[in-house]
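Common to both upcoming complexes is chain A, partnered first by chain B, then by chain C.
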Partner chain A sequence: MSEFLFIAGAALAIVGGLLAVVARNLFHASLGLAMTLTGTAGLFIPLAGELIAVVQILVYLGATAISIIFILMLSPPFYLKRPNRNAMKVVGAIGVVLIFAVPLMRAVMSVSASDPLNHVAPTVNQIGRALLTEFVFPLKLFPFS
Partner chain B sequence: MSIFDILLRIVLAFTAVITFVTLNALFLVWLERKVSAVIQNRMGPTEVGPFGLLQTFADALKLLGKEMITPKSVDQYVFLLAPIIAFLPAPLLIAAIPIAEGVGVSDLNVGALYLLAISNIALLGILMAGWSSNNKYSLLGALRAVAQNISYEIPMLLAVLAVVLMAGSLKLSEIVKAQETIPYILLQPVAFLIYFICSIAESNRTPFDLPEAESELVAGYHTEFTGMRFALFFLAEYTQVFVLAAIVTLFFLGGWNGPLLHPIVWFMLKTYLVVFVVMWLRWTYPRLRSDQLMNFNWRVLLPLAIVNLLVSTVLFRGTVG
Partner chain C sequence: MSLSAYLILSAVLFLFGAFGMMERRNMVGLLISIELMLNAASINFMAFNHFLYPGTVTGQIMTLFVIGLAAAEATLFLAIVFAVYRHYRSINVERVDHLRG
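For the complex of A and B:
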């Protein structure tokens, strides 16, 4: 069951992410972003982090709605002609992806493989306590990053 | 549990939830028409079935038989998806509401937050509907809906937080258990008022029905939708009304606690009483202006909610383990 949830969440996140980058219509791109955020929220559920999953939907999906409003104000209507793809932008995008992907891959490879799906499930109480005692500094620092 | 058992549970839960969503919406539409009729000195539906009870069934069949028109210049995929996304939260919300001790599809550890988070998804559906329709009235309606929902969510969350603080749990059944002696409407009257007002605003009903104000915007975001696609928006709206009443019952009215009657009966009685009050408000008050709506939220409800949370933190400190 948890494998199924993981695969569904990951698929949603990847497809949404691709849509967010590839779509030429800004509105579609932001819907892709919403999809990715929902997918990543789904990834927390098999990891026993329901609290984080729910907070992610509550905070980030609301934020996507706001971003869509800005898109509506700042972009031309969809029935007008769309601008053509720019080869330089595509090359730039691949470059940026590589810059972030290589260190990330190295980091992931260096972690010894364990099975997080079978760990003991922490309760909401424990997570809340940990966030406001042990991890209070990272929690307060995180919104600024 | 074998994979077959899991599948069976999913199918059963899904059937139960969808049946409830449909029947509840059919009943609430009938109730709304009867309540408005009584308030306006009319009869309401009387022809089909006893007291016109089957009128909405006939209407639903008519909607199912209607053609689903897709206007030429809409954004096809988003237009198709919008009613589905708007309807999606309805079954998800019903599934997380316990109607008595241990009765319900699922009683989550983070139930209170889950209900508030999932009802957010409908907003995305409304935005998609408004934008993809390629119609200025739809877009205006959707923009109003977002402005309203995002603003009223903040005092709503703060009000819920005060209740969660007192109960010491996000689990709905434990919040109800904490009210066995005194319902929270007596201990948290301000939070109750704030939550009730905000949740009516979130469900886009009068006096907060600016997103679908028919005298200004035709029908707002669902102007271009016909047949079953329109019905999905309708189902979503009436399920949201039920859910808001159920949350008020769970958080403030003591849930299924009550003497003599069966807990499920108590829960349903309280919930439909709140639904009736919501309808009563709709047929009594006129629509607010957009600036009144925003002023009321940011200058009255939000400070009140913050003060209420502060006071409850001081008063009830130490009661939470």
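For the complex of A and C:
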């Protein structure tokens, strides 16, 4: 079950992320972002974060992605001819990303930890208690951001 | 699934976001790339919390803050985009090139 959720969530996230970055039509790009957010919510379930998965769907997908679709009204209309991609810019961006990717991937590969077998998943009660005791200052500061 | 599987996935999403940041010239495209990168960061928080500190909630609360921050940021971005659009009649960042109000 955990493997299935991971593979499905990862596939949704990767395909959605690719769509969000390469699609010429910005509406397709924002739908790709919504796909990535859904896949990520699926990934949170095997990580014992059911509450976070629900919040991700409700807030991230329901509010943030929808407000991005709202901003799309200001982008140029889709029936106009889109300007072509600047090949130099794409090549440059890919080069910079690759330079950044090599040390990042190396650092990521060097981390190893196996799935904790007999752990107790944190409950919603625990999250609420921590939010109102240990993290009450950031929580109260948050509305000012 | 091991920790590195989650970390590789999140690194790939982050790199997609970084590529989009450099390649896109439309403000909405930039916002979408920023959201991808924030999402990758929250996958990292959840994965490290589950694998290295099981039973605690610090990473999950950080993810909650990331989600809230992204929602606040998107609305703020909406306001900025509207102001820029009214002034320049475009949301291409390369046309927004003088400081005069």
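Criterion: the second predicted complex is superposed on the first by the 104 of 145 C-alpha atoms of A that agree within 3 Å, B and C clash if a C-alpha of one lies under 4 Å from a C-alpha of the other, contacts with A are read in each partner's own complex, and residues count from 1 in each chain.
Everything that follows uses one rule, which is that contacts are C-beta pairs under 8 Å (C-beta built on N, C-alpha and C of every residue); 3 or more make two chains touch, one makes a residue touch a chain.
Computed from a prediction, not measured in an experiment: that's the story for all the values here.
J.: Taking the superposition as given, does A:Phe100 touch the first partner, chain B, the second, chain C, both, or neither?
T.: second
J.: Looking at A:Glu3 after the superposition, I want to know if it touches chain B, chain C, both of them or none. Which is it: first, second, both, neither?
T.: Only chain C; A:Glu3 stays clear of chain B.
J.: Tell me the contact category for A:Val21 with respect to chain B and chain C: first, second, both or neither.
T.: second
J.: Looking at the overlay, what does A:Pro46 touch: chain B (first), chain C (second), both, or neither?
T.: In the superposed model, A:Pro46 contacts chain C only, not chain B.
J.: Once the shared chain is lined up, is A:Thr64 touching chain B (first), chain C (second), both, or neither of them?
T.: both
J.: Comparing chain C with chain B, which touches more residues belonging to chain A?
T.: Of chain B and chain C, the partner in contact with more residues of chain A is C.
J.: Mind working out whether A:Leu37 is in touch with chain B, chain C, both or neither, as first, second, both or neither?
T.: second
J.: For A:Leu72, is the partner it touches chain B (first), chain C (second), both, or none of the two (neither)?
T.: both
J.: With the two complexes superposed on chain A, say which partner A:Val55 touches: chain B (first), chain C (second), both, or neither.
T.: So A:Val55 meets both chain B and chain C here.
J.: Do chain B and chain C land on any of the same chain A residues, and which?
T.: 51, 55, 64-65, 68, 72
J.: Please name which positions on chain C make contact with chain A in the complex.
T.: Touch residues, chain C against chain A: 1-9, 11-20, 22-23, 26-29, 31-33, 35-36, 39, 42-43, 46-47, 49-52, 54-58, 60-61, 63-65, 67-72, 74-75, 77-78, 81-82, 85, 91.
J.: Please name which positions on chain A make contact with chain C in the complex.
T.: Within the complex, chain A contacts chain C at residues 2-3, 6, 10, 13-14, 17-18, 20-21, 26, 29-30, 32-33, 36-37, 40, 43-44, 46-49, 51-52, 55-56, 59-60, 63-65, 67-68, 70-72, 74-75, 85, 89-90, 92-94, 96-97, 100-101, 104-105, 108-109, 111-116, 119-122, 126-127, 130-131, 135, 138, 142, 145.
J.: Under the touch definition given earlier, write down the residues of chain A that touch chain B in their complex.
T.: Listed in rising order, the residues are 1, 27-28, 31, 34, 50-51, 54-55, 57-58, 61-62, 64-66, 68-69, 72, 77-79, 123-124.
J.: Once bound in the complex, which stretches of chain B touch chain A?
T.: Those in contact with chain A are residues 6, 73, 75, 78, 108-110, 113-114, 116-118, 120-121, 123-124, 127-128, 131, 134, 139, 143, 146-147, 149-150, 153, 170.
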